[in-house]
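Listed below are the structures to be examined.
Each of the next two complexes has chain A plus one more chain, namely chain B in the first and chain C in the second.
Then we have the complex of A and B:
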């Protein structure tokens, strides 16, 4: 006879029910957004909301592309977020490596102070940041936004990568150097691949910070040609007539790159390559 | 292959000296073992030779060319680390080929050299695996393979066997020795294990507190230690140290062993000891130089002392017996055929030709 542990069965049921409930609560707005983006306007504005309808079309997506500058905003967002991500990875990797491997005065203070910078909400630093950017001639430029997102992402990225670098035995780097590698090659060929989960986490964080940002883009960008998606979407919302279907289509298109990026890189997040490197 | 010379080599970490002005000439193809307790400066010396640590003062030369300022990659050395330091994201093949790829060796030649080294080390079947899929001994072999394929001027080993169990360590010792006899490449090997030092070295360099205390072939360091530290560090079980007083009667020298002078050991006359007559000295005597006898009959006087057995350690081929004389623990090797037991009263016969007299003030060996 099979002995069933009912307490465990109930706790499992409760766990899955709770998780399912959270998934539904989080997922429903997304589902509604997708459904709304493919429905005719009369269904969207119907006083009795319809969850299910057999009439779907791509009109809102076509309008989004033909009647607005959405494709320009999309391109701007992709290039700015992509560049900020690459720049952050480069700078954070070098900085975290330096803080981990070299001894210099104030090293621990810098390391400890990294997260301190997050005590200040972005809204607090936006005015001084604007003044700095203006004096550097970077207001109303993509480069200004790239610098803004890099600046904002760097402390966390450095802190995260520092923890990864600290966990990588220095013997591996020294082995690479005695094998004939320069320090730069040892870092590129041995250390960075081992810190890949950290690099991926940093890239996700930076990409999402840059992709979702409204504040910096709103303050630093005036030209329509340089606007990013959040600003463009805001302008759509503030138009004389709010086209909900088109807005939801925009929302879907905005979500896809972040989702694809996450799906592409999340498998690299798994740690465990470190096993077997050195005697543990 | 390279001859390596260290001249007045020093290393300080801040105000703390790690290596203090050592001089050492390592011949081409020689197997040198740096041995000493933790913190003696042996690993720091090795790391300076590798270029992983900067030199505070003095110089390091490879074939009379100073390499102080050369980075590790410019020295053409290969190092085997205590932790193995295999690249975990690469296969065994890629680990071994890493150095060759960096130096631009052709693919076909890389394959050939890796396969040859793998065959030499019996790891051919492991080439597709990753380090995490290997046992400790296999990882150690891969680490050695990675060093061998590069055909460097010198091999540097930093306590490579200390993470292995006793059986594997003994096996790897033989393999390292065999490899050296085949390759005849200069080896600098660091260990704190005096057995490794004795079995592997062409020449042992004993270090303490950042200086070289003694350097010489294993047999010489074992038989003619310069001081109490070397005498006690090299050899297992350790050399026995007994307090004694040097006395002279009618021109004949003898040692009164123990604080109460419970035994007397006669010595041949020696000019070196003339100034020490009447003073306290320390006797250094290896366990194999004390022969156990069940009775004192037939032993010429002045060569023995009573040995009441306190502890017995049977090791199979031999048995170690322990006693205490004037507060000092004394160990002797004993024929298992005597079937020693705690409480037995043996007579220990001293091989006076192998006896070391040590100055208790400075630890120097006065005579032997």
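Then we have the complex of A and C:
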């Protein structure tokens, strides 16, 4: 007689049920967004939602491009997020290298103080930030947003890179320097490649911060030509009788870059969590 | 990827040149300060200076555009404490913060425990579980408005078809707070999963083996082995989540804006925004920001003190 361990069977069933539940809860809304974006309006606006309908078209995406300024917002978001990411990598790498490789007074205080500012939410400083930017002439300018995103992702980025630099033995670059490489060369050819997972994690983090931000863009940008995707999308939603198909098409377009970026570097991000973001 | 291995580095032939006339290098500390300068300047100028400036503004009566600027001492704070709407926004903020952080921790830790088990398709499900966190907030909100739409929404339809949730208007005044808590939980719980899962993977399996030998069941193993190991991570995650949710602006604002329904989710960040950019009272807005800031600092200090005592973090 076959001996079945019913407890084992039950826990396996529970396990797969739970996994299925996670997949449905997290995945279904996104699937629904994609489905809605490629459906004809008559299927979208039916009181009984259609789960299996095989009639699809790209009309909503075409409308999004032809009838709205979505492509302008997309271009703005890409340039602003891209610039902020590059700037953050540069500034955070310099700072993290300085903190891990040189001894100077107040080093730990500065590092700790920077991390502390990670807890500051934009809403806490948006009022003075706006006034500051206005007097600097950076309202309605992409540069103002680039500065905002760079500054707000710096504390976390620096902290993360610090953890990566700390884990790279100092002997490595000393060896390179003994062999005649300049310090700059040693850092560029030895240290940065080894800290690449950290650099990638920082770039995804900054890119997503900039790509998603709503508050800074809302407050600093009025000009339609300068709007980023989040405020452009919000204004589209509020401006018209909601064209759900087109809104979902917009949603897909905004989500794809973030998702692609994320899937490419997912494991580095989790590694980063282990290394620096969470201690202990 | 050009990862340079130690062996390769050492294989480079030695080309050491003597440079007798070269002036001495900059002292080590100067280099350190120089390298960290750009980062420090940005944070000082664009985060810390605004906080101080906010303190100054909170003591003044200042209009957003007109050149009105008079010193009023603690007048802004006095009228803030006398404002019933302010206290209401604190109350709603507490409901939102505690509700959404509680749910995020509950769902996030449960999901992490499950995703730490071995099953077919685990990598795939792990990826899917992180999706919501990656979707931009504006998309999350508009997507949820579509899914919860009272005429064409798929969720009300599904709930009705299985006989629950008849006539729940998710986006109406009565349920909108619950809805915004659920939406926030959906999009932010992966943050908890990432942190918890990373920690779970480093727990020594021998601990479980030993507990099993001692006859501990699933529940007792969770309480006596897993939970103590998760404490430090949960400490940081709860702290960060609470700070982020307490100051959360975009999800709530995007859902309701300044509409009538928005009155039922007017938490402190929303009220601050309305005061500043809607009613153009910069001084009053700054006073509320300062209050939020001080509350966060107090909260963090109490939290650290309570948990540090028995944790030695």
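Heads up, the rule we're going with is that the second predicted complex is superposed on the first by the 245 of 280 C-alpha atoms of A that agree within 3 Å, B and C clash if a C-alpha of one lies under 4 Å from a C-alpha of the other, contacts with A are read in each partner's own complex, and residues count from 1 in each chain.
Criterion: a residue touches a chain if its C-beta (ideal position, glycine included) is under 8 Å from a C-beta of that chain, and two chains touch if they have at least 3 such contacts.
In this text, all values refer to a predicted model and were calculated from it rather than measured experimentally.
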Between chain C and chain B, which one touches more residues of chain A when both complexes sit on the common chain A? C
Answer with first, second, both or neither: which of chain B and chain C does A:22 touch in the superposed model? second
In the superposed arrangement, does A:99 touch chain B (first), chain C (second), both or neither? second
Return first, second, both or neither, reflecting whether A:132 touches chain B, chain C, both chains, or no partner chain. second
So, does A:114 touch the first partner chain B, the second partner chain C, both, or neither? second
Just chain B (first), just chain C (second), both, or neither: which does A:194 touch? both
Going by the contact rule set out at the top, does A:182 touch chain B (first), chain C (second), both, or neither? first
First, second, both or neither for A:13, with chain B first and chain C second: neither
Residue overlap on chain A between the chain B interface and the chain C interface 171-172, 175-176, 178-181, 189-190, 193-194, 273-274, 277-279
Mind listing the chain B positions that touch chain A in their complex? 50-52, 71-73, 77-79, 81-89, 98-99, 102-103, 130-134, 136, 139, 146, 150, 156, 163
Under the definition above, what is the set of chain A residues touching chain B in their complex? 169, 171-172, 174-183, 185, 189-190, 193-194, 273-279
Can you list the residues on chain C that touch chain A in the complex? 1-4, 6, 9-10, 12-17, 28-36, 38-40, 42-43, 45-51, 53-54, 57, 110-111, 114-115, 117, 119, 121-122, 125, 127-132, 134-139, 142-144, 146-147, 149, 151-154, 157, 186, 190, 194-195, 197-199, 202, 232-233, 236-237, 240, 243-244, 247-250, 253-254, 257, 269, 272-273, 276-277, 282, 285-286, 289, 292-293, 296, 300, 313
Could you please specify the touching residues of chain A with respect to chain C in the complex? 12, 15-16, 18-19, 22-23, 25-27, 29-30, 32-33, 36, 44-49, 91-92, 94-95, 97-99, 101-105, 107, 110, 114, 117, 119-129, 131-132, 147-148, 150-152, 154-155, 158, 171-172, 175-176, 178-181, 189-190, 193-194, 196, 208, 211-212, 214-215, 219, 229-230, 233-234, 237-238, 244, 247-248, 250-251, 254-255, 258-259, 262-263, 266, 269-270, 273-274, 277-280
